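Before anything else, here is the set of structures, which you'll find just below.
Shared between the two complexes below is chain A, which has chain B as its partner in the first and chain C in the second.
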Partner chain A sequence: MDQTLDEVLALAALHFKVPREKLTPDDDFFKTLGIDSLQALDLLTRLEHHFHIELPDYELQGVSDFRTLAARIQARL
Partner chain B sequence: MNSYQGQAISWKLSDGVVELELHRQPCNEIGSLTLHELEQFAGVLPALEYEAHALIIHSSVKAGFCAGADLRELYQRSQALDKKEAAKAMRDFVERIHRVMNRLDESPLTTIAAVHGVCFGGGLELALTCDMIIADRMARFCFPELRLGLIPGFGGIPRLKRDLGNAVVRDLLLTGRSFNATKGQQIGLASQLAGEGEVLNAARATAAQMGKFDRATAIAAKRFIKPVPYEELRQEIEIFCELFSQPVVEAALKKFVESEDAQPYLP
Partner chain C sequence: MLDLSQYSSLGAALRDALERWPNETCLIEADREREKSRLTYAQFKAEALPLARALQDGGYLHNDRAAIIMTNQSKWLISAYAVMHCGGVLVPLDYKLTAAEHLQLLAHCAAQVLFVEYYLWRQIMQDAGFKSLRVATVVVTEAPPNAELAGGLRWEEFRRDADPLFVPRQRQDVACIVYSSGTAGRPKGCVLTHENYLEQCISLTAWYPFWPGVTYLSILPTNHAIDFMVGFIGPFVCGACVVHLRTLRPEYVREAFTRYNITYVSLVPMVLKNLERGLKVKFAELPAAKRFVLNRMIEWNKWRTRKAANVELSRKLLPQVHSAFGGELRTIIVGGAFTDPATLQFFYDLGIPVANGYGLTEACTAITVNDLKPFRADTVGKPLPGVEVKILDAGSDGIGEVACRGKNVMSHYLDDPGLTAQTIVDGWLHTGDLGRLETSGHLQLFGRKKNMIVTEGGKNIYPEDVEMVFDKLPVKEYCVFAANYIWPAKALGKEMLTIVLRLENNQEFTLALREELIAYNRKLPDFKRAGGYVLWEKDFPRTASLKIKREILAAEIGTALERTAIIPL
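Take a look at the complex of A and B:
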């Protein structure tokens, strides 16, 4: 789980050009990354490709922090 | 006329290939303006079909190919009219968009949807009129209409059923979930994937290849392989219009339009 969370944070930081050290597991990623819903879907697509999984977006309903996002991904690995 | 520059779409004819570009911000939502310009395009198609062999539909908007119907316009129109007038206006709109979609589907040109980013709802229905979908690896597809208390109304279900297994169609429609381009290729929706930012180049290369073959043969092959499901398309209009008059739709549209939620595109 820790590794998944680290990879989620690293990928988000890289793609949205935010310093990795500014991201923490319990951050609201909409606010921290400054992204809207379409960009969130872009992040979801990148995470699916990175982890080679399919993560239905309804499993992300109400999810806005990296820790829960990583847990949802972990459940599909 | 070899080119046209509209407010929502543009097109140009070059080397036997028509490129229809969608460029309405924020993500090519299909409202009355886009429909009007698509109707104009459909009007000049016979002349273009005489000179060209292929049509590529693509978007120059960063967010994606098309996010679907313009729900804000749809809601505002329904609010400005009484229920009977709103239902009639919706039926008129759907009948018009079906005529355009059918015309694209029937075209003797070999048609390619070059899709990147968001390809949702009416945008996916537009892509499904094409002979093939080439998808950027980062494209994302979805039929979210059930979230609004509706079914796809621009011809999506019959065309999706034409191309995909019914079990997959049910999953996608009944969950309203979005899926990525890799999944889209696995289920047979997209026939080719392109690297990020390369989808238009891939479509152009494909269109050039198609130009090598005898046109009459290509047209005959298309007619044989890709029948237009007119009867089901007509049924879809009736079901859509019936559902549109349900209170749940107005409530769902209101929720979408007035939402300050960061996730209006998520279920």
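Take a look at the complex of A and C:
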């Protein structure tokens, strides 16, 4: 799980072009990254390619922090 | 197009559509780069009738209510038609609600049947209130092979091959109950008749016609009034095709435009802005010479279309932009919330007209729509044919509450005669929105009479619904308002909620309190969060039963403080 979380944080930092150290697992990513739900969906695609899984859009419903997102990914690995 | 004035119900019109264009494609469903299904009108009928028969064999009667909770897909429309074939009443529920809210609305409308997508059914089954669910038949789509369905039946198995009986309905009979976002304790079920839909469809297609060969990209939830009309009823009665995407990620949406040569699409302002942002980045990346040429062509297009849109000409002037949208896009329909005029103008200048409009669930779909003759980014267009608009109690500036009358106005709110009487007065629907009618007939909106906000994603948020989350905040008292309710805006712009805090007499606003406030705020879904707070130094006015007198408090704050007193969260 920790590794998944690390990878999610690293990919998010890369995708949204922010320094990795600015992101923490319990950050509200909408707020920290200043993104809307559509931009968050863009990140899902990147995560799908990285983890070789399919993440339906609904997996992002009600999720606003990296820890929960990583847990949802972990459940599909 | 079918002559809808000749029909008495949606079911009868759709039944004829299935006969009239048997070989035209009516539905395409795609997931990422894969096309999952493609149905002609004849194949749609072959899918829907066994479902209707299974409903009837299960004891489903005309006027019984059937709810649908599904993301946009073919099965949504097939289920809806099966219900209408049986003369039933459709209750489209918002799939983005929580399981508890779904259970509340299913109980409120006393649904007999529920069509539900598996992942949503799983959430409902896990909810504490599940035991109270009283729906006779639950049909679950896309359930994995060994999934526990708690009495739910599998969609694939819920079919009977004998012909179902077609049950005719009259124009005044109820077609749908559509829930509008009301305050949590009080569901607002708008009861809409077959006449509401048939007449609204006639008005809308008079300005924005469909025909066989047109493809409509369905992105807004089908339970929403706009997509139900322009992503189902409208295209079907004209023999057109609807494309559903199972993922709404921007990259797949962009691909769909070119892959399916999309003619029309409906969006909420947030998605439109996302497209605008993407295009601007692309333009900025162009080499200077190309950017110069592009800007000149945009200027030229703008001048040539200043009086009326001319999509054919714009496609020739700006081929690179139009080919990115598939080359066939005629209009983007946008609604559900306020759209920034600059965004509307951006697309119009590229030769992609955006038909923005204004409507409420209570008015079926739309009251006004931009007719593009000429394009007016600063207004929400003109009243549709057959719809009257007037301004109530207009001030010297002409601004007052918008009211509308026409065959599009709902029958009533389900089981709520009091609210109905307040909302529909002598046939006029009182919208609660403030506007001004220009002599040209265009409607300009200025704000809301009600204490609520509408997000860019098209969601209505009532302060009362989010207040509870701050319940444990250690302050003397607090109250949440729409900022525009305290400080009426002169124009509709970005709307936000603000928390008004009254501290204890010797209490200071510390960093710890601020962090606590932020933590509670974060418990809300992102679109419901407060954008800032205001410190207020007087006790709140309250009624004898200790309820806050919101109107008076808002007026007191608005008089004593400027809007700049809001401290961002």
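Points worth noting:
Assume the second predicted complex is superposed on the first by the 77 of 77 C-alpha atoms of A that agree within 3 Å, B and C clash if a C-alpha of one lies under 4 Å from a C-alpha of the other, contacts with A are read in each partner's own complex, and residues count from 1 in each chain.
Everything below uses one rule, namely that a residue touches a chain if its C-beta (ideal position, glycine included) is under 8 Å from a C-beta of that chain, and two chains touch if they have at least 3 such contacts.
Keep in mind the model is a prediction, meaning the values are calculated, not measured.
By the touch criterion defined above, A:7 lies against neither chain B nor chain C after alignment on the C-alpha atoms of chain A. When the two complexes are overlaid on their common chain A, residue A:57 makes contact with chain B and with chain C alike. When both complexes are overlaid on chain A, the residue A:49 reaches chain B alone and has no touch with chain C.
Looking at chain A, you'll find residues 30, 36-38, 41-42, 44-45, 54, 56-58, 61, 64 touch chain B in one structure and chain C in the other.
For chain B in complex with chain A, the residues that touch the partner chain are 27, 63-64, 67, 117-118, 137-138, 140, 175-183, 261-267. If you check the complex, the residues on chain A that touch chain C are 28, 30-31, 36-39, 41-42, 44-45, 54, 56-58, 61-62, 64. Interface of chain C with chain A (complex): residues 32, 71, 96, 119, 246-251, 270-271, 274, 456-457, 522, 525-527. The residues of chain A lying in touch with chain B in their complex are 30, 36-38, 40-42, 44-46, 48-49, 54, 56-58, 60-61, 64.
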